[in-house]
Every structure is written in structure tokens, then in C-alpha cells.
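Chain naming follows the written order as A, B and C, and within any one chain the residues start at number 1.
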Amino acid sequence: MKKKLVVLFLAICMTLSMAACGSKDGGSADGSGSGDNILRTAASFAYPSLDVHKEYYGWYTSIYGLSEALFKFDENAVAVDCLAEDAVADGTTWTITLKDGVCFSNGDPLTPDMVIKNIQRLAKVNERFAYMGDFDWKADGDNKIVVNTGKDVYPMLKNDLASPECGMIDLDATTDFDKDPICTGPFVITEFNPEGDVTVARNDKYWGGDVKLDGAVFYYMQEDDPKLMAMQSGEIDCYNSVSSGALEVYEKDPDKYHVESVAGTRLQYYILNENRLDDAVREAINLTVDKEAIADYLKGTVSAANSPYPDSTAYSKVSIPAVDTEKAKKLLEEDGYTLNSEGIYEKDGQPLKVNIAYYAARSLDTLAVLMQEQLKAVGIDSYLTVEEDPDSTYIATADFDIALYCMISDKCGDPQYFIDSTLADGAYYNVGGFESAECEEMIQQLRTEVDPDKRADLANKIIQIAIDDNAFGYVGLFNHTTVMKPGVSGFAEKIPFDFYGIDANTVK
Amino acid sequence: MKKKKAKLRKRVIIAVVFAAILVLIATFSGVLAPNDPYATNSELIRQAPSAAYLFGTDNLGRCVFSRVLIGARTTIASTFFLVAVSFLIGIVVGMLCGFYGGIVDDILMRIADLMLAFPQMVVAIAVAGILGGGLGGAMIALGITMWTSFARLARSHTLSIKNEPYITAARLQGKSGLQIMMTHIMPNILEPVLINALTQIGTTMIGISGLSFLGLGVVAPQAEWGSMISEARAYIQIAPWAVLFPAAATVITIVVFNYLGDAVMEYRNAE
Amino acid sequence: MKKQIAKRIAELIVILIVLSFLTFLLMYLAPGDPAEKRLSSQGVAVTKEVLQAEQERMGLLRPFMVRYGEWFGGILHGDWGVSFKDDMPVAPKLAAGLKNTTILALASLIISLIVSVPLGIASAVKKNSILDHIVRLLSFIGNALPNFLISVLLMYFLCIQLNLFPVVASGSVQGLCLPALSLAIPMAGRFTRQIRTETMEQLEQEYVTGLRTRGVREKDILIHNVFHNASGHIFTIVALQIGTLMGGSVVIETIFRWPGIGKLVMDSINARDYPTIMGFVLIMGTIYVVINFISDVLYHVLDPRV
């Protein structure tokens, strides 16, 4: 009797607490909903605003299919036409030609003046694009914009304009930039929860023709488990950045799940500290670290990197010596190291023990453990140091022998950004003591070279110098992996960048 | 009555034996582990339990059984240390507050409030940043809030006995505050606080694991149950053993120490 | 009583000032820069020029005391500041997080008390009975389960295997059930044990024997005397738990997409978003002081011996 009472009481209370909460929100999910033409998916990030120009919000307005930039990237990371037909450079002058008939979701046309106002706003509100405000922008006729980049040639303008932050907003008609920006994309916002779920519907006035989906819902899910389970229960139709654990589940059931994977642009690499490790040790380390083996452990989520950039690009043509542990040992022995009784090399009674600094994200912890094992096998001892924030610790102080790091190596289909960040003199991430006059000279050339083939050639030479100097080790590139229910396609599953999602051709 | 006491004694002995076994396993885990707990093997990734690998292998092909054994040392030792230190600080502060009351009580209890309100993560990240990462930072971060629960409990029990006749008698005999606290109050409040300490073992283990999970606890590749669970969690559907065995180890350890607490308490109550 | 309250309020103010200063100092000493975190939040590398311009804009290059003073001045005027993460006002963020966490905390507390009070008392009364053994076993296990393990298991079995709940259900009726259960299970285990201990202690007091010999019904003794007397300790235990619950559970809130304050503060710490963290610390400091005050008062009211 008592027990029954307890159970009853419990049931009543749970009902009450549910009812109390239920009034808050009418229930955003009703389970499957597979009958409609609305795509349901998961987003790993959620921002408090839809203001395309600020922060990285533009990445998500682009994913949601709300905003578009003048250009967009294709599968080979090449900037191709979108709102603009083309951009042609002649010295310090760029001429951008807009497409005919582009209009915002309210029907207003996109004019050259509006583009210029957008760029000026972007330069003002986003520090990363402030340099665009230094250029001189002029409208020419009703579909051309002439940009003068000042005294220096600026070869990357077209690629930069393809960044999602350069999405176009109807600045005259938009009243709430945070919640309801009026853009040109195939979808318009219907419900926006700051840092929460986002619902979009078809833009009936889309300039680019018919939009296939009726709408889409983006559930904010940070963790991998809920995404996997929501996919299994059929509550979502697709998502990207699939974890390796989830990937294995999907691969067991190819009839139910369709997986697409392309090499992405997020690079795992390590910096070898030239001020602490001599040439022989650095070369030995690079000959020892087996990136294929590491990629095997990280099944499917990472591809072994042959250069910092995806293999499909023209600027990834460098040669990296193959793993050769015998040669590594020989190098150390020639350098005066001898194996001690514990199987570790030592010189002048000092065992060779290096410090590997890492932070626990992006599988760098796994990488650290595996590198430690591989190094130990040839006789290089090591200890690991973990930091919560790498930038203000080991990157700032250069207090490491080997530093692991993960960053986007290509944000706009061009090699210069990564070279500027890691190899140029005084670059924020050039902290391992890498220095080369020849390299610096080529970097200067790269900054003003306009021809894409010559740029790729220069980049290849620059990266090759860094490789030959054993200044770095490029380990793996994260794959851009998308899982979809059968029938779903057009979820940017073949594009190596993270900032695309649904578009007019997405189908369910 | 005697029979009952004998039965209770038996229970205490059983609990102590179990706890001792765990501690022994932790101490001699290096000898007991059948495989190298740190050796990775790309051909043995996520193998199901077998004769060679009793608990299967993890994401890097390491022997889960060996890692659970080695992890026992890390987890149990750091938990004991942390609980013991917090217990000592807490019981002293709690007795002082309860016994003297007034301004001492006010100041110490407000400091306790202060510490309790401190977000653990802020402390953990700051300590990790200042002293370098590792278990030390995680333990300080947990310890800062943990002693306060002991202090509050010790205080409330001290308050409830401080006006008992035997304390008043001791006072009248001219015993000093310190003496009274050590000889009369401490033995009487020890039980509930000690039981709290035993129940805190579980919370502490989970706390240490939680911080390890966020990269603020143990440094890789050190084995620790919590971080093992966190590492393998993503694979729970394909390799449940890598999660369930360390989880079972955690749960069993906590159950054993909680049982010990219970048994000891009942035995003493029967006296 | 009025004097007591006035004294506590004065203490609260001192605590909050010390707390906010220490937090500000710790965040300042901790490595990591809000501008840098913000610029590289998607993994794009920063450049020195852009970083410096952003730091300048956010006012991070000014001395420590000036920044703390500015924040403090703002608080005195009721201005909680804007987030370093996205320039949005901090106060509404904290309010939303706090509201959601309160809902979750109350739901889980109610569930666990409903389970643990009757079970704890019953198992103390029927000591060493089968019921007692079962209850103790369950409470042992419940208490020993890490909450993220519970949440993953609950989600896996209830959502995937049994299809009772949708996985995607934040903010809805079903959305509350699983996170509240995940929090309630270990808590119920803990409460049951503590309530059992306290009840047993009370039952062995002499007054119980006295009441029994006077022929008072066992039920009345339990309700009017034993539970009444034990409730002081029980309240202390629960009150301590409320503080912890109000801090929010990062793991639970993240797994179940519950937009509570725990997740908010964790994200803020990762972004080195000082104003949000400071606001959180003020709220938590106030909550702890108030809860402790109430529990002290109730303790005096409920425990006749003090």
C-alpha cells in the first residue's frame, strides 16, 4: 500500500512539474515530421545574432541559407560567381561586375551602391575586415564596382569577398540586424532563438530561381552523442562534422545513412622549437612521426596531410620525406647521441627528453599520446604538458620543444593567409624560431602576385623551405564529413569549408 | 543485543575487507596489470573483451583492464588525499564556529559562503594557468568548495551538543576550549562528519573526472577512470566496454566506501 | 530578527565585493585573452594588428584596477555590462539562464525528495528488513552514478531503444524529464541515505522510547517528533544541494541542450567573458548567503534543542 502511494505521488508530481514547464514553450519538436519538405539538421554553434557582418555570425547566416556573398567557393576551393559575375584585377584596380536581376528577399535590387555600403559597414564593425575600409570603392554604372587598393596591389580581393562575412544585407530596409536581416539568400528567417534553434522558410522572391525545400530547422547541438541519437531516431535528416564514433555507427548501416567525406581545411600540425632542438633532432622527429598511422587511429575524421592545404589545391604540391626510423636513429647517432640502457638516446649523460605541449581539443590529445609512443620507439623520450589555452601559454612564451596546434589553414581558397600566420617574420604563430631570408623574400612577392598559378608556385616553394628546415610537421587535415538520410543532398557535403549549409538545390 | 552487535561487526569486517582489496589492487596495480596500460596498437582498436584483453581495448588499442587497474591508483589516491585534507580543515573550522560562535563563527562561515559561491571552473582554469595543468589544479579547485560542506556539518552537530550536560560539566571543571573540543566534541561529531566524508568520496571521484574530461585534470596519457570514461564516451554504441568497465569500477568503489561508512556508523550506534 | 537581517545584508555586501574582486583577479591571472578567443572562435588564426585593435576596442589594454573599477562602478548603477563574447548585455543572458536552471533544479529536487523522504524514513523504521536492504542498495548505486553516464544511458534507452522521448526536445514538456531525472537519481540516492541516518539517530533518542511507553502511536511519533526533529539536518543537506543545483550542471545542460546558467558560465569561462562570469559570481554569492541564512534560521526554529 505504502509503495503504491509513493508511486502515485511520484507520478502526480512528475506530471505537475512537466505541466509547469510545458506552458513555457509549445514544444519545438514533434518527433519525426518526415512527411513535410522541411529539412531538419543540427548546428554545432549558435550565435546570439544574425548580423552577417559581425564576428563569425556570417558563417551561420550562410549555413542557414540566409545570406550570400559576391562570390562563393566551389568544391576545389576556388572562388566562383555568386551575386557577382566576376572580379578582374589590373594592377591596384579591381573591377567587379554584379549579376543582373539579383534582389533581396523583399524584392529590392542589389545595386553597386548597396554593395559598397555593405563593405564599408563590414570594415567598420569587424576588425578582421577593417583593411577593406582603406580601399577606395566606387560605383560604375548600374552593375560595376571599381576598387582601388591604394599603393599596394591586393591580389586576394576576390577570394576575400567570397568570405561569408561579406554577405549582402539590405541596409536600407533592415530594421533589426540581430534578428531579421534582409538578405539575398534562398531562405528567410522565420524563428530565431538567440544561441538556440533557428527556423528558416523558402524565399519566394529568390533571385536565383526556384528553391526546392520549403524550409529548414537548425537545432543547436554541441555534443556528438545527441546528434548521433537524433539521427538514429530520425529526428534530424543530416548534419556535418561527424565524429569518428558516430561515423562507425553510420558506416555499419549504409542503407540508412549516406556519408560524404572530403578533406577539409582544419589542420593539425606541430611546431618544432629550433631554439631548443638542433637540426638532427628535428629531422629525426619528422622522420619518426607517422601521420598515416595517426590517421588510422582517428578513423575517418582526419586524413594524413601532405602539405598544410587540401590535396585538391594547386598550392599543396610539396614533397615531404617518408617515415624512416632507421635514418632517424642514424641521424641522432651521427649527432653524438648514444642509446642508454633504457633504450633512450643520450648525449653527454643527458637523456633526450622533449616536452610536447598540447591542448585537449580537436583530437590533439590523441595526437600527443601517439607521437609520444612513436618517438619512444626510436629512442626519444618525451613528456606531455597540457594547457587550457595555448595562445597565451606556450604559443606566447615559446616554452616548448614540440607544440601541437590546430587551425584553419585555408580560409579563402588561397595559401597566403596560413603562410602569413605561421611562416612570415614576426607572425603570431611563428614562435619556433623559424627564419629564412629566402622565404621572407618570397612571402613579400606572394603578397603582391596576382596570377593564381604563380601564387601557387610561390606558396609551394615557401612551404618546401619550411619542410626542408624541419621547422614544422603537418600531421592531419580534418575531413569535412556529412551524414545524410537517403534522398538528402546539397548540404554542402562536397565543399571543404565549414561555412556552407543549405541552398536552393538542397533536397530532402 | 549481543548477537546483533556481532552481526554488525561482521558487516564492518566485510566492508573493510572489500575496501582493503580495492586499496591493495590500487597499490599493486603495476604488478597486476597483464598488459602495458600505455602501449597503443593500431591493429587492436576497440576490440571486444577477450582472454588477452579482459575488458577489451580502447580507442587507441590500449588494454582497458590494465588501464582500469592503473587508473585505480590515480583515482583512489587523489580522491583520498583530497577528502582527507578537506575533512581536516572542515572539522576544525566547523568545531571552532559551533563552539565559540559569535564573531569567529561569522567570519569563518562567511568565508565558507564565499568559497562555495566561487565557480569551480574559474578556480580550476586559473590554477591550471598559474601552476601549470595537471591533477594538482583540479584538486585545489575541488578542495576550495569541498571543505565547506564538512565545516557546515561539523558546525551544526557541534551546535546541537554544545549545551549538553557533559560539556557544561567539562566547562565547569575548568577545561580549556581546545581540550573540550578534542576530548568531548570531536568524538561526538566525528561519526556524521566521517560518514559525510565517505559519501564525498563518490562526489569527489566524479568531480576529478569531470575536470579531467575538460582537460583540466590528469595529463595524457595517465590513466584515470573519469578521463577514460570521457575518452570512450563517444564510442559507447560501438565499444560500450571501454565506458562500462571504468564506470563499473567507479560505481563499485563508491558503493564499497559508502557501505563501509554505513556499516561503521551502525556498529558504533549499537554501542 | 530585523537586526539579524541587517547584519546579514551588510555581510553579503562585503562578501560580494571580496568575491568579485577575487574572481576578477583570478580571471586576469588565468592565461587567455577575450579578444583573442573571440577572433579565433572558428579556428581562424589571428594577426597581431587585428588582435591589438580588438583589444583596444574592448578596453583590454587598460590597467587591471581601472577595468575592475569601471565594472564596479557599473554595478553600482545597476549596469551589468556587456558580454566580451558578443557585445550583448549580460543581465538578460544571466536572467534567462537562471530561470531555466531554476526550473530544472526545482523539478529534480522535487523528484528526489518525493522518492527519498518516504524511502529514507521507511528504511530507517524497518531497519534490516528486505525493504531496507533494497532501498540501501538502490541508494548506494544511485549515489555512485556519474550524472553524464546516467544521462547518456537514459537518452540511449528511453529515446532510441524504447522511443519514449524525442532526442530533440529542449524547452518542451518532455525536454524537462530526462535532465531532471539525470540530476535527481544521484541526488535521491544521497538524500535517502542521509534521511535514513538522521531518522535512525532520532529513533534512538530517549524521548522516542518515552513516547512509546506512554502509548503514543508509532505513526504520530514518526510524523510529529522524529521527522520534525530530523528536518533541521535534512534541511541543511537540501539547502546545501540547492546552492550546487543553482550553479547549474554543465554536463547535463549541454547534453540535453538545456540553456541554463551552468552552460552559460562554462561558455563564458572558455571565452574569458569577464562581465558574464562576474555577474554569475554575484548571483551565486547572493544565493548561497541567502540559502545559508534561511537554513540557519529554520534550523533554530525546527530544532528545539538549540
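Just a few scattered comments:
In this text, a residue touches a chain if its C-beta (ideal position, glycine included) is under 8 Å from a C-beta of that chain, and two chains touch if they have at least 3 such contacts.
It should be emphasised that the depicted structure is a prediction, and the values quoted were computed from it without experimental measurement.
Ranked by distance of CA centroids from chain B, the top chain is A.
The greatest number of inter-chain C-beta pairs in contact is found between A-C. Each chain gets one centre point, the mean of its Cα atoms, and the points for chain A and chain B are 41 Å apart.
Chain geometry summary: the mean Cα position of chain B and that of chain C are 20 Å apart.
One simple way to say how far apart two chains are is to compare their mean CA positions; for chain A and chain C this gives 36 Å.
Shown for chain B are the residues in touch with two or more other chains, namely 125, 129, 233, 236-237. Across the assembly, chain C contributes 30-32, 152, 156 as residues in contact with two or more other chains. Within chain A, residues 225, 387-389, 393 each touch two or more of the remaining chains. For chain C in complex with chain B, the touching residues are 11, 14-15, 18-19, 22-23, 26-27, 29-32, 136, 140-141, 143-149, 152, 156, 190, 193-194, 197, 200-201, 204, 232-233, 236, 240, 243, 247, 250-251, 265-266, 269, 277, 280-281, 284-285, 287-289, 292, 299, 303, 305-306.
Listed in rising order, the residues of chain B touching chain A in the complex are 38-40, 42, 45, 59-61, 125, 128-129, 132-134, 214-216, 219-221, 233-238. Those residues of chain B whose C-beta lies close enough to touch chain C in the complex are 106, 109-110, 113-114, 116-119, 121-123, 125-126, 129-130, 149, 152-153, 156, 159-160, 163, 192, 195, 199, 202, 206, 209-210, 226, 229, 233, 236-237, 243, 247, 250-252, 254-255, 258-259, 262, 265, 269. Partner chain B is touched in their complex by these residues of chain A: 224-225, 228, 243-246, 248-249, 293, 296-297, 299, 358-361, 365-366, 368-370, 372-373, 384-389, 393. On the chain C side of its complex with chain A, the touching residues are 30-33, 36-48, 50-51, 53-54, 57, 86, 88, 103, 106-107, 110-111, 114-115, 118-119, 122, 152, 155-156, 159-160, 163, 166-177, 180, 254-257, 259.
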